[in-house]
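The following pair of complexes shares a single chain, subunit A, combined with subunit B in the former and subunit C in the latter.
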Partner chain A sequence: MLIVQLIFNGLQTGALYALIAAGFSLIFGMTRIFHAAHGATFTIAGYAFFEMYSVAHLGWPIAALTAIAAAAIFGMMLDRWVYAIIQRHEGSFFTVFAASFGVAIVVQNLIAMAFGRGLVTISTPLSKSIELAPGLFVAPMLAIVLVCAVICFALLQYLLTRTNLGIALRALGENPTLIEVYGLTPRKISQFAFLIGSILVVPAAILTATTSGLNPSMSHHVMLISLAATIVGGVGSLRGAALAGMLLGMAENLCLAVIDPQWSEAVTFVILFLFILFRPGGVYGRAIAT
Partner chain B sequence: MIAYLQNIAVLFCVNGILALTLNFIMGYAGIYSLAHTIFFGIGAYTAAYLALNVTDSLPISMLAAFSLSAVVSMALALPALRVRGEYFVAASLGLQVIGVTIFAEWKSVTGGLGGMIGIPRPKLFGYVFNDDTAFLILSVVVLLAVLGILSLLVRGSFGRSLMAIRDSESAAQAYGKHVNAVKTLSVAISSGLAAIAGVLYTFYMSFINVEGFTLETSILLMAMVIIGGTGTLLGPVAGAALLMTLPAALTYLPFLPPGELGAIQQIVYGAAMVLLMIFRPGGLVGGRSKEKSA
Partner chain C sequence: MKKLFAVPSLASILAIAALALQPALAADITIGGAFPMSGDNAEYGQIFSSGANLAVEHINADKMLSGKLSIVYEDSQATPAQGVVAANKLINVSKVPFMLSAFTGVSKAVAPVGARTKTVVVNGGGVGPDLATLGEYFWNTIPLANFEVKIIVPYLVKEKGLKRVALIYVDDPLGQAIVKELGTELPKVGGELVGSFSIPTTAQQFSGVAARVRDVKPDVVYFATYGNQESQLVKQLRDNGVSQPLASYSAVDIPSVQKLPEAKGIIYTSQQIDWDKQDARTKRLITDYTAKYGKKPTTYVVNYYNSVLTFGLLAAELEKAGKPVTGENLLAQRKATDKFEFAGSTVSFEADGTVKAPIQIMEIAGDGTGKLLVPGK
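== the complex of A and B ==
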């Protein structure tokens, strides 16, 4: 029974990881910006939802819209006022990364000052576990998480393959100078990547708030998970990110059958480390020059 | 007051060594490691374990810490040889998380989350560094020694090979540089010297636990190097001094709520990182945008 329980837990963690990674994977894959502040977008969205839903009692649709607006504004401002300026005079990935990390640190501490450092959780009847079979506890939240993940990735897949914007985004990921020849502005498309990528983090943030709770220092963990899933899946491949998120979530839970729980987080990063050593292109990635 | 300043001075030496060694691989070899604290931790835990179980001799602890850390640093050198840029940063982040988990959970050696307490002061040729002033002198001497070693290395042919590899790996190879050997050696030296800082830290604090060796510390070190100036010799020391005196300076501002000082301090250095990257990517000491794109 333990194994079945772990598989169910793994499904939930995996779907959440896939959702978390989707936005980062889109931004990193298409614009090549090492968006370390993705975790900050996540906490901003989560706390915006918490404030509107649990403190102001405005109902979940308004709360979700606020979270979407907050994430989108933050992501686009960051792209326009930080990344664009750095890229204008200097292209080093590490400069962008350090600036992004600085933003993440500022946001984390501002949230800690405003909301406190403790864990905040949003309790709904949906996060209460039901005993499906003897010894097997599953919360209805699992179904919601899975449905959300499927919808998000289906929409994203449609956007990237069937719309002009999606094609432009993928072109930006392939060759940013060439698309200028076709009369497109890389900066404008990059703004769209940030808009979509930041909104994509909202479902993950809300679902995490209801399942395991939020705290301000989560942003590093979120960033690490998205980075791990993006690289393991292959940079630039959204289905790779989805698969890798699922794989990492599963691995983190299934390993509990053999080792102590405190080691489970390390399993994710051992997988990441091995992938970088032996298959840096990821599951679906293009071969990268070393 | 004197004791307080001495305390800051010793910790400044420790952080100065860490920033210097991190800059050695970050600024000169282009290896952007976010796992530097792991080697600091290896040095600290080695010294603590030896002092509690084997010997409190300073040279032996330093030698053991240096060697162990240099050997473990091969885990960082491997990805450095295979991948560049974002991929390496990701690998080093992974290593950092794995390392912290090991520090926190390998209870028989590291004492788990509780850490190790009651570490005695070290002995050097029969002299015990019980006096804080003597310890401060020791720290300054070690800091200067590390600075000396690194500046010799950087100015010599080894440093030129490193910078050549940083700027263009294939060109360096074409000129007959042993790229892999030079990179591996630089990581080993940097990590080994970082472990020496760990030894000092352990003996000074006489207490260590995993809190000191988390990702936050690695980021703080990165901030020191970046704010001071990557690829300059004195930049990281200046960055360390700035970020060490910042919390002390903030306590003197009466209008700040004392409970939030830690957060305000972090906000200040986070904001400093962002603004510097926008306006002065070379850091405070470095020239304007001399950094090469990776």
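== the complex of A and C ==
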């Protein structure tokens, strides 16, 4: 029964990781901007939900909308007022990364000043496990996480394949110079990438607040997961990000059947390392001719 | 003419010498603190520094020293590597003769820096037993974990009948010390360590650990970690079907754990402070801290208050004796001092730089406070 339990745990963790990684993968894949502040977007969304739901008691729909608004505004403002300016001055990839990293640290400290440095959680019966069978505990939250992940990815897939915006986004990821020939503005489309990528992180932030809690310094952990899943899944591939997130979550839990918990995080990085060595493009990465 | 100039010159020289001596005697002193001011353990840094800052305020208000005392902090992030960077900055750049430390791993890394430069390093938060072996320039104002484990194990096994103990511990010097102590103490009272699970310091997901813990069917789960990870672990253990009693050590005595609904009922040990001690120092600490922060001070606050007070008392004696306030002289003065009137206790330092204090057993009440189960002896 331990293995079955770990599979269920892995599904929940994996779905959360997939949601976390999807936004980063979209942004990085479409804009080629290493958005190191993606973790900060996650943290802002989580705390916005916490403030509206647990402190102001405004009900979850308003809290969720607030979290979406906060994440979207933060992501778009960062693109407009930080990344765009650096790129206009032909700043290098590293300059953008450094700026993004700096913003993440500033956000971490601002959140600590506003909410304190300790952990905050949202208590809900949905995170409490029920014993479905002897030794098998499953929380209603698992179903919510899986449904959220499926809906988000389905909507995203529809957006990217069946709408003009989605086609434009994919074109931006393929060749930002060429799309200008077609009368499109890369800068404007990039804003949409940040809007959608930032909103994608909100379900994961809310669900994390109810399961493992929020703290101001969690952004670096979010970035690690996002980066690992993006590389394993293939840059720019949302299918890849989803699959990789699920793979990493399952691996992190299933390995506990045979090894000590202290090594479970290392398993994630062993998988990442193996992919870098043997399949650097990721699961759904594409070979590029040079 | 020469004589007229000679007298003022001599007087001038004497006056200049007197003036030059004055600043040295009434010199402002800076001490240091290497605390986690950011990261997952920043809550501790906030608590520790609140106690230290209040002690500095009181020392200055009482004019205990001839000059003004100030404290400067560097961020250790609760990691040994950053702790060493912080210590080097404090000792080699800010030239502090005395600094505060916390966390077992950080303190073990920082102690050699203090020993090499003859800087006194005082710990009021870390509890790894190894902290008693870090040399004569490393002092502890908090009883170490081996004492805490020795107190809680007989209570859990004999009084509560909880013989099968599962342990979840952070993979660092503190966690390893707790494993060793539990492994030694449990068999003495008829208990058994049925499973021990080490977790990385950066881990945030514990549903799998909960499954492993349930699998060994313990009577009680003892956890030894710190910071945000404590709250995450407790919440996820409870959410994932671990219904057995939880037990821990003094690190759970922080607001984020005390207020966590899932933490209600956790049994833990902590240093006993005599809050009813009728001396002016204890009353003033409680009154001023409550007025400033809107809540009663905790043991961590008191420990770091007393740590800074130790410096104040020793430095005052050194100034009276006309000796410079250096690490060497502070150590010598401490050895020459029989007792220290701390806030909440009267203590003596042992030869290994530790203090003995009674350990009490508490239970998290669920309303942000702890309920006393067994007073310290």
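Here, the second predicted complex is superposed on the first by the 286 of 290 C-alpha atoms of A that agree within 3 Å, B and C clash if a C-alpha of one lies under 4 Å from a C-alpha of the other, contacts with A are read in each partner's own complex, and residues count from 1 in each chain.
What we mean here is this: contacts are C-beta pairs under 8 Å (C-beta built on N, C-alpha and C of every residue); 3 or more make two chains touch, one makes a residue touch a chain.
Please read these numbers as outputs of a predicted model, since none were measured by experiment.
A.B. asks: Once both complexes are superposed via subunit A, do subunit B and subunit C end up clashing or fitting?
C.D. replies: clash
A.B. asks: Of the partners subunit B and subunit C, which touch A:226 in the superposed model: first, second, both, neither?
C.D. replies: Neither partner.
A.B. asks: Applying the document's definition of touch, where does A:139 land relative to subunit B and subunit C: first, second, both, or neither?
C.D. replies: Touch partner of A:139: subunit C, not subunit B.
A.B. asks: Would you check which partner chain A:25 touches, where first means subunit B only, second means subunit C only, and both and neither mean what they say?
C.D. replies: neither
A.B. asks: For A:95, select first, second, both or neither according to whether it touches subunit B, subunit C, the two together, or no partner.
C.D. replies: Only subunit B; A:95 stays clear of subunit C.
A.B. asks: After the superposition on A, what does A:5 contact: first (subunit B), second (subunit C), both or neither?
C.D. replies: second
A.B. asks: Just subunit B (first), just subunit C (second), both, or neither: which does A:41 touch?
C.D. replies: Touch status of A:41: no partner.
A.B. asks: Using the touch definition from the top, say if A:66 reaches subunit B (first), subunit C (second), both or neither.
C.D. replies: So A:66 meets neither subunit B nor subunit C here.
A.B. asks: Touching A:119 in the superposition: subunit B (first), subunit C (second), both, neither?
C.D. replies: second
A.B. asks: Using the touch definition from the top, say if A:265 reaches subunit B (first), subunit C (second), both or neither.
C.D. replies: both
A.B. asks: With the two complexes overlaid, spot the stretch of subunit C among 5-13, 59-67, 77-85 or 185-193 whose C-alpha atoms clash with subunit B.
C.D. replies: In the superposition, subunit B collides with subunit C along 77-85.
A.B. asks: Which residues of subunit A are in contact with subunit B in one complex and with subunit C in the other?
C.D. replies: 108-109, 112, 260, 262, 265
A.B. asks: Using the touch rule from the top, collect the residues of subunit A that touch subunit C in their complex.
C.D. replies: For subunit A paired with subunit C, touching residues are 2, 5-6, 9-10, 12-13, 108-109, 112, 116-121, 123, 127-129, 131, 135, 137, 139, 211-213, 215-218, 221, 252-253, 256, 260-262, 264-265.
A.B. asks: For subunit A, which residues are in contact with subunit B within the complex?
C.D. replies: Result: residues 28, 34, 82, 85-86, 89-99, 101-106, 108-110, 112-113, 220, 224, 227-228, 231, 260, 262-263, 265-266, 268-270, 272-273, 276-277, 280, 288, 290 of subunit A touch subunit B.
A.B. asks: In their complex, what parts of subunit B are in touch with subunit A?
C.D. replies: 32, 78-79, 82-91, 93-95, 97-98, 101-102, 104-105, 215, 219, 222-223, 226, 260, 263-264, 266-267, 269-274, 277-278, 281, 289, 291-294
A.B. asks: In their shared complex, at which residues does subunit C touch subunit A?
C.D. replies: Contacts found on subunit C: 38-40, 42-43, 45-46, 171, 197-200, 202-212, 214-215, 228, 231-232, 235-236, 238-241, 254-256, 260-262.
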